[in-house]
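Please find one structure pasted underneath; my questions will follow.
Chain nomenclature is as follows: A, B, C and D, assigned in order of appearance, with residue numbering initiated at 1 for each chain independently.
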Amino acid sequence: MSVLRSVIDFAIGDAQAEKAVPPTGFTVRLTVFSAAAMAFLVVFALALSLAAGRLADRWSDELARSATVRISAPAAQMAAQTEAALNVLRTTEGVESARALSLEEQRALLAPWFGPELPLDALQLPQMIEVIETASGFDGDGLRLRLAGEVPGAVLDNHARWRGPLVSAASSLRLLGWVSIVLIALATGAMITLAANAALAANAQVIAVMRLVGARDSYIAQAFMRRFTLRALAGAAGGTLFGAFALLLLPSASEEGGFLTGLGLQGAHWFLLILIPILAAVVAFLATRLAAHNTLRSLT
Amino acid sequence: MIETNGKLRHNRLIILRSDLSAKAVRQKGRKLIEFERVAHSYSGGELFNEVSLRLAPGSFHFLTGPSGSGKTTFLKLCYGALVPSSGVVRIFDDDVRQMSRDDIALARRRVGVVHQDCQFLDHLTLRENLALPLTVSGHEALDDDANLKELMGWVGLTSRADALPPELSGGERQRAALARALIMSPDVILADEPTGNVDWEMSQRLLTLLIELNRMGKTIMIATHDLGLIRAAKNHVQARVLRISGRRLQLAGADL
Amino acid sequence: MSVLRSVIDFAIGDAQAEKAVPPTGFTVRLTVFSAAAMAFLVVFALALSLAAGRLADRWSDELARSATVRISAPAAQMAAQTEAALNVLRTTEGVESARALSLEEQRALLAPWFGPELPLDALQLPQMIEVIETASGFDGDGLRLRLAGEVPGAVLDNHARWRGPLVSAASSLRLLGWVSIVLIALATGAMITLAANAALAANAQVIAVMRLVGARDSYIAQAFMRRFTLRALAGAAGGTLFGAFALLLLPSASEEGGFLTGLGLQGAHWFLLILIPILAAVVAFLATRLAAHNTLRSLT
Amino acid sequence: MIETNGKLRHNRLIILRSDLSAKAVRQKGRKLIEFERVAHSYSGGELFNEVSLRLAPGSFHFLTGPSGSGKTTFLKLCYGALVPSSGVVRIFDDDVRQMSRDDIALARRRVGVVHQDCQFLDHLTLRENLALPLTVSGHEALDDDANLKELMGWVGLTSRADALPPELSGGERQRAALARALIMSPDVILADEPTGNVDWEMSQRLLTLLIELNRMGKTIMIATHDLGLIRAAKNHVQARVLRISGRRLQLAGADL
């Protein structure tokens, strides 16, 4: 409560104190601008991260973690070998589940190649087993050796593995997004600190005059802090709004439509954007505070 | 030249507020500023040493000495802008070394300082600049408005009230700096070369104002090289003339 | 030549003139820092763009542009219908080439499902036709209608189309990268302009003194321009180096290995990085020039 | 007080370089600064009007008038820092209105100006500040070193040569500003209140320097409110005293 109270007091401010700081400074405009530009970039980096994250999740869940074992054997041994292969798979580390496909399922799989009218009964079809991997995946070569030993007719085909790199790509994209966000935040903090320092250096005379007529440090610092915090807040809010607007212009993000086409935000993620200006204001507050107290300490 | 009516009105207003600070002084004892075996040196070398002095309430001092002898330095020691190299300086009974930055800020509200290089907030009007000490210490601006106007009249700046400091002439800046130092009706007034840029008539007028304030009990110290000013003052007030020479603070003889 | 000459003169500079500008200004540090931060971000955006570009190219070339037509017909009509289908495909806009697969090729395609020993002769296998699309692709529904009219046994399967969204995703990622680069460049320019303006405002006294003692505008402007240009150059060079180093730490980019795993740069692209500090210096030069001449014109 | 040897050496050096500029003056005709029915007003109102004046080479002028009457404004008109509201100001025969910014910069190298608020480059030492006019106009620093040293001796700043301007006292700054104005050995020297912050002895010393320069043919104009200084000068040099009063520029009578 008292924190809220002091935040409100700070925002209302002391009009008299703030008047002491010259109104237009390039440093202040610089703060507004860099806060806005950085917020804009953060919106995009955030959207990129979240979209890449969604992508990585979906791909890894749905696609990457499946493989097939095909068993070709004389009809008499088919059931026994299938059972043996399933046993091997169940005891393999990295396999979440294994399941023999039914005839109907095999027919559906083959339809693209032979059409739906394939005379399956006339054929000696191999039996297919669908294998779902765990997140860490299994060791393909090891499994192949074990199957060769115990189930002579089994062939492991982890063809779906080719999507693995895609998933790791999406993950590294997400990482890149977050790294960018952290970098941008740090850069913004440093820039606001430097801008505040520049403002204080440029206003050395103002500060000296204020000290001379008996102003306390906190009074002087407050004037600068308020100015910079509010400007950073305004700039970042503007930049965020602008970024959000730009995102809306991109093809929208939908669960079904494509993988990365939609770079936009979904649902609750839009609320994350509100954090951007707030964080910018907090960074500006702390940066200016540091700069002001450093500068003041060097004056008598 | 000096209108008696105006003077009286001005005094009344100043007395009104100075009652409060006078009480504060009494509570704090009768010492305002006290030097005890003070020496000061910059990197370049020692300016003066063994300076002991007590500014009694209501005293009137001039400080002279050649250019570069340390007059400004001495005044800076008086209002806590410098800490002495050795010895003790006490402002309102507090040792400067022991005072926090906020203590010094508060003490300065009771000490009016006229800097040699008069600096202002260049983006505020002259009126706002003169009211700055009030603003900074949280006074309501309104109730001091009459006082402010009168002070501006005294130093001849009424017509320039809305000008920005960079638009003022050298002499106008100096008069403005004096007015700003007086607006809080401080107990002690320290003025560094307050008449260096004004003509003789105006310097007499400013001196009269300072003498009036001294008669009301203010303690005044003026650093100046203008011996004419000192001679003129001696006709109206019992002023002590201190001179920095040969790294000592000496009482000047009757030769002035 | 004379441009080079004047660039060299500028870089060597007039030591005396530059001395007139106070050495440590927060605005100068701000310039170094923002140039560095921005260059660092640009390196990443560039790597992202280039990698996304490579990805889009490869996917669209290798994968997305193929489809299959399957013809199931009595043995007698098979050849005729295949020929008819090929005719239709040849006259379809958006089809680059169409080719009937040989028996061996079909066997290879089916191997994953039935093993290599499939008795193809015993089966009435459909004939497969491989269709390669042009970059713009064909109209699937239109082609289906035409085939239905002219080749009753033909079924179009453009299953590879599912990669379409991926390609457009990669393209939009590339676009995003370039947009970020342009944005970052603009932001850098604006920041350096503002920083230069702040520096000039803070040094109003320096400029006034220089004018008073008879310095020409170009002399004064030069001192500031040189300071800011060299600092921006140094900052951006540092940021770029840092970014390049960070890229090297990422899994390396190789043609065969995965799609987006390698975010790094390849071959000649590394030389693009050299452009970053040069562009930053040019931006700083122009920005400071503008700021200096604006400030000077307001002084007598 | 004034060493004759030093003076001679100084003069020789100054004459050496002033030969060149003297030639330039001759080529340009004999007019230095000329006012023709000049009026000037800021937003506040008119300061003076109908001012016509010609500064002849080798003349010595004082400019007086009450604080705020427009002395600084007048000097600013003389070196092109202001353009008159009406009338024509010519500097070295060029109409200020027609001069480009570079023309004005070049003209300033032949006009030494002592500002009322002496400003320096605070990050350069005093020595570097005094040499700034040379640096800016592309002179080799070395060959002027003797001249610089001598000038510093004259204004009593030799021991402060390596100090930064913020470390100087008020009077030291004023003397430094005068030295900086003289270093280029300009044809015209305009000094605004150059002795407001120095003691009487130093002001006599500075005056002697200016009188010496005038004897060598320099044109000098000093704005001051210090009547003592004017009286002292009149004993040594034929000085005209101009007074701004009632919005006119008048020649002061023999009452000074």
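Please note the rule applied: a contact is a pair of C-beta atoms (placed from the backbone, for glycine too) under 8 Å apart; a residue touches a chain by one contact, two chains touch by 3 or more.
Since the model is a prediction, treat every value here as computed from it, not as a measurement.
Among the remaining chains, none touches chain C as well as chain D. Chain B and chain C have CA centres that are 68 Å apart. Rounded to whole angstrom units, the spacing between the C-alpha centres of chain B and chain D is 32.
For this pair, chain A with chain C, the centres built from the Cα atoms lie 21 Å apart.
Chain contacts: chain A has no residue touching two or more partner chains. Because contacts link each chain to exactly two others and close back on themselves, their graph is best described as a ring. Across the assembly, chains come into contact as A-B, A-C, B-D, C-D.
Across the interface of their complex, chain A is touched by residues 76, 80-82, 101-102, 104-109, 113, 115, 119-124, 128, 132-133, 135-137, 180, 184 of chain B.
Chain contact summary for the complex, chain A toward chain C: residues 25-27, 29-30, 33-34, 37-38, 40-41, 44, 48, 68, 70, 72, 109-110, 112-115, 117, 119, 122-126, 128, 155, 157, 159, 164-166, 168-170, 172-173, 176, 180, 183-184, 186-187, 190-191, 194-195, 197-199, 201-202, 250-251, 257-261, 263.
For chain D in complex with chain B, the touching residues are 42, 44, 64-68, 71-72, 116-117, 156, 159-160, 163, 167, 169-172, 175, 192-193, 196-202, 225, 227-228. Against chain D, in their complex, chain C makes its touches with residues 16-17, 19-20, 22-23, 205-206, 208-219, 296, 300.
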